[in-house]
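Here is the structure we will look at, set down as structure tokens.
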Amino acid sequence: MIIVTKAGATREDIDHIRERVESLGLRTHLSVGEHRTIIGCVGDEARLQSIPLLSIPGVEAVHEVLKPYKLASREFSGGETRIPLGHGEIGPDGFSVIAGPCSVEGFDMMQSTARHVSASGAAGVRGGAFKPRSSPYSFQGLGEEGLRILAAVREETGLPVVTEVMDTRQVELVAGYADVLQIGARNMQNFALLTEVGRLHRPVLLKRGMSATIKDLLLAAEYVMSQGNMQVILCERGIRTFETATRNTFDLAAIPVLKRETHLPVFADPSHAGGSRALVPPLSYAAAAAGADGLLVEVHPDPERATSDGDQSLSFSEFEALMNGLTPFVEAVGRAVATAV
Amino acid sequence: MIIVTKAGATREDIDHIRERVESLGLRTHLSVGEHRTIIGCVGDEARLQSIPLLSIPGVEAVHEVLKPYKLASREFSGGETRIPLGHGEIGPDGFSVIAGPCSVEGFDMMQSTARHVSASGAAGVRGGAFKPRSSPYSFQGLGEEGLRILAAVREETGLPVVTEVMDTRQVELVAGYADVLQIGARNMQNFALLTEVGRLHRPVLLKRGMSATIKDLLLAAEYVMSQGNMQVILCERGIRTFETATRNTFDLAAIPVLKRETHLPVFADPSHAGGSRALVPPLSYAAAAAGADGLLVEVHPDPERATSDGDQSLSFSEFEALMNGLTPFVEAVGRAVATAV
Amino acid sequence: MIIVTKAGATREDIDHIRERVESLGLRTHLSVGEHRTIIGCVGDEARLQSIPLLSIPGVEAVHEVLKPYKLASREFSGGETRIPLGHGEIGPDGFSVIAGPCSVEGFDMMQSTARHVSASGAAGVRGGAFKPRSSPYSFQGLGEEGLRILAAVREETGLPVVTEVMDTRQVELVAGYADVLQIGARNMQNFALLTEVGRLHRPVLLKRGMSATIKDLLLAAEYVMSQGNMQVILCERGIRTFETATRNTFDLAAIPVLKRETHLPVFADPSHAGGSRALVPPLSYAAAAAGADGLLVEVHPDPERATSDGDQSLSFSEFEALMNGLTPFVEAVGRAVATAV
Amino acid sequence: MIIVTKAGATREDIDHIRERVESLGLRTHLSVGEHRTIIGCVGDEARLQSIPLLSIPGVEAVHEVLKPYKLASREFSGGETRIPLGHGEIGPDGFSVIAGPCSVEGFDMMQSTARHVSASGAAGVRGGAFKPRSSPYSFQGLGEEGLRILAAVREETGLPVVTEVMDTRQVELVAGYADVLQIGARNMQNFALLTEVGRLHRPVLLKRGMSATIKDLLLAAEYVMSQGNMQVILCERGIRTFETATRNTFDLAAIPVLKRETHLPVFADPSHAGGSRALVPPLSYAAAAAGADGLLVEVHPDPERATSDGDQSLSFSEFEALMNGLTPFVEAVGRAVATAV
């Protein structure tokens, strides 16, 4: 931690700041400039985080030196995390595409979707049984019936199942059916929920919140990991900005920044980022080119009749074209499309 | 709902769009322009919301006509909602200031805080027992012990208690102690939690999410209200933007916009919006001037030693000065500072 | 300037960094931590700004210590800047309202506007002769004829005239007619234009850019001041965010932050910030309550027939009501409405 | 244009709205709903843009039907615009990389840069002679001497020259030396400058403003084109958001959205978007994968000693590696790297 004093800070102010810092077991070094003094604090920075340094008289600015996350940081790990999924894995060698409808609407549509996306090379199938909807009057999902449908479809196709959990009370239930538990963007800072999934031995797909910084996302992962669950997949899905031509603003640069900061796998969700079917291929190709480890893509047997997110869902033939189109980009980054069956 | 067709939409495209809309029981009216056709859809708009209209061939744009919220809308209610609080009320005649520390740190500090803020004219005391912290390594609150302290302080001072609930499993517990349940900004779209507090007969203070639009905030209130709980207080607390000089960007205009759109009371939280003690008075005065119904303000016996948010907490004397400073602004809008005891 | 090294920085890296810094005449102090070293750089920080410190091997982060603006900074000046305007002044004792139409549309409408706003207590009249319009097909203003109309209206009413200059080639022309030259939000970082108005002896009203930080705004003021023109009025007019319920997001907190950072007067433009007539009064009252030195308000004889910005323009009677409504807020901050005639 | 009335709009309100619209030569169609009436306006929409429709009593919302830009719209043009550059062209078949330092610092560094980037396959050389700097105390460029150096370097290497123009008074001067005139992000809405370069017969590279929507960017291009200059290259260079891990947020989706909306070539600037050398390759690959027509990349002989933007500049060897790395991505989209010599 670095503390910068105000222009008019007195000798007493500076002594007082040093005392506060040193009382926590850290050492201080001064750089006395003409107008301001820089106080370098050396030692266990975490202890300083609980102190409102800016409220101490004479303090103008405080700069963190160490990253606030540890388990999630690249420095912590020997190499990149690999997460087994079905007979395959999510990790640095492959490129895993998880596809399926926004909502589980029934058995037939899930079965046909799973068969088609598997045939096109998907590594998993997604579908929401519990749906976070911004209006209380929108379809909220089939609930446990949806989970049973997902499990039945896995039984038949062998495809691992990714589905969202929204409530601490449902974690056990969802974990009874799902291969990967998804935490949605709106729950990225639902710390009770993060803590609960952190107690499982089951991979967690953590979507970036709409206004979450990359640091916030890594701290959310740290919540899960601090409970013992190291199998976290991060997912960039667009952030909220002033631009209205797309549903969200796809922060592509978050992919290489995350790959530099953390050992965890990084996915992209081109469906939510762009909000439009036509944008899914270019955003997917770009994500692969930028080093993503996989994609989460919305696919529906009949997008025009989907109960949610139809505008951004691919049809089966569009998904097949996407997977074919992806190949050269995936190969150009030295990877191969990963399957799970 | 208004549907605008693409420049090249054919007669068949337009017929297909009309059929889809009319099959849901709505009527359609056409305005045929040189390049595009406008299809006005008249009837129960909610039915259309489940359809991915943009994915129908020939559709270029869709514009909503009706507001997606009903119970929360101004049109729904005969007048402004008044919410009893202690012996007073939150509503259009008064200006209610709820004050206290970010976290309940112990009985003594809560007792002295409640006494002081009550003496200065506060209408309630706040304090967090369960704390949403962005790092898993930060202080997470005293939990149920914190709730017991809050109740003991209410017993003594008579001040109603406002405290946050973060987890669906804790709703009943928190409701056993609190007069008002706070939903924090990070949980504004935790729909399971909104639904759960909607089943109580207890006021809910709903803070705006960092990237929530005003419409999102009203839809979150609608979640609570759709379960039967009409006692929702909205709270503007700053949104996330590119500006870094303040902790968040205080969206002052949200106050008059909300007062126009809804009958619910509207509060402001100058402590989180500005993130700095010095900004609390000007932001508070401005909120009162813009028509807010009250404030949520952080106060601590010794801000420099607060376990959280010390940088933005007022001392007792600063809070007293704030309350004195507020009076002419509150009177200028034809209100009076409301107390609860 | 403070330099923080990477975790793996070597002794040679650190020596190389110090050499680069010391070769520019600054001294360095080291705080050696377990993982990282902090290098405090003491001396003329401006010299370091020209060096790409982050591109030096071993450097992880760089933190500025000194503010990059000097003439605009509060520390530089003995007190608050007062700017004469007509027979009055803009400054800390008064509250100056400059009102008028978005565009000068003709003599009659300007004359009646000036008379009415003067009668209601305005300190100046505004009107655009050169208009920055986002579409090349929109009305671009009357040009020099508009300037002549403004001057004629000043002749008659005595009200000082504020009008925008958009092009370096027009600075001399506009300065021949205007009492205050306005730099619009879109030109806030048109550095050639800032430099040119900096050579005049004429007050400049500098509007904050839509995505300009407070620091950017102060640096833009520094551009003007570095040429010798110290009479700069800053104007908060809303920033661009994700919220679409208002035209822009009025950053109210910028007012007290600017008053703390600089000695220059700070105005607010509630018309552009909110984009709607109904929002002008609450935003104006809030700006006064937060410590602004004045307002820029759009007023039109017949808003429904305005050639631009009619949606956010007040009628004469609405402006009169605004001025009456403002009085208690202005008095509550210890000021008086300032007139110029 | 579509007008939606307020819930309480009267028959007289609606008649008045229709009269205003029809008096401008448009026809109106009504869709009368239970609560609101939709008024479709058919005819020359541009005439309505000058009217403040929202200020007419009874009007709640107004939706545009037609795009506000024409010359720039995809519908206007038969196919994609191709812009000759040296012996090559910018367009849909190739992928053109323009590279060079942020600032022209002298002849030797420009000469060696041009030679190296040409050898690696660049289609043009860039370098700033007039520099927009946020501080008046930073290096402002060599001015006309910089232009002479650029021309001398072109003479020797044959590489076309791209350089920025910041001031209407310099347009003629810069056009006397440059092959492509760049308009920087901060001047994207400097309408006087756009108009002036619109009068030239010289390609213009128009960078997106930091808070400009895609629609704003296309309207800025429309300004240039409305004066007769159809040779406009658009450039995505990152927008301003809350994320601070990167200098700006690279809006990758803007590339496919622009390719759908306009016939103009679309470039990306990975150097400014990411603000860091390490991010240039992944962002470049992603831009190619998403369908960009080319890149603008900062390259410097000795980034650590660059007078500006050194943190984000590539060295010669890094640029060579970038060009080699790009090839498979460019080929995967069916293009070939375009050269100019």
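A, B, C and D are the chain letters, set down in written order, and residue numbers restart from 1 in every chain.
By definition in this document, a contact is a pair of C-beta atoms (placed from the backbone, for glycine too) under 8 Å apart; a residue touches a chain by one contact, two chains touch by 3 or more.
Just so you know, these numbers come straight off a predicted model, no measurement behind them.
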Practice task
By the contact definition above, name the pair with the higher C-beta contact count: B-C or A-C.
Solution key: B-C
Handout entry: Centroid comparison with subunit D (C-alpha atoms), farthest chain
Key = B
Handout entry: Interchain centroid distance [CA atoms averaged], subunit A/subunit B, Å
Key = 26
Problem - Distance between chain centroids, defined by C-alpha means - subunit B, subunit C (Å) - result: 31
Exercise for the section: With chain centres taken as the means of their Cα atoms, state the distance from subunit A to subunit C in Å. Expected result: 39
Handout entry: For subunit C, residues contacting two or more additional chains
Key = 211, 239-242, 244
Handout entry: Of all residues in subunit D, those that touch subunit A in their complex
Key = 211, 213-215, 239, 241-246, 249-257, 260, 273-274, 278-279, 282-283, 285-291, 328-329, 331-333
Completion exercise
In the complex, subunit B touches subunit D at residues 2, 4, 7, 29-36, 38, 40-43, 61, 63, 65-66, 75, 240-242, 244
Problem - subunit D-touching residues of subunit C, taken from the complex the two chains share - result: 46, 49-56, 68-69, 132-139, 166-170, 186-187, 189-193, 195, 209-211, 216, 219, 222-223, 226, 239-240, 276-277, 303-304, 306-311, 313
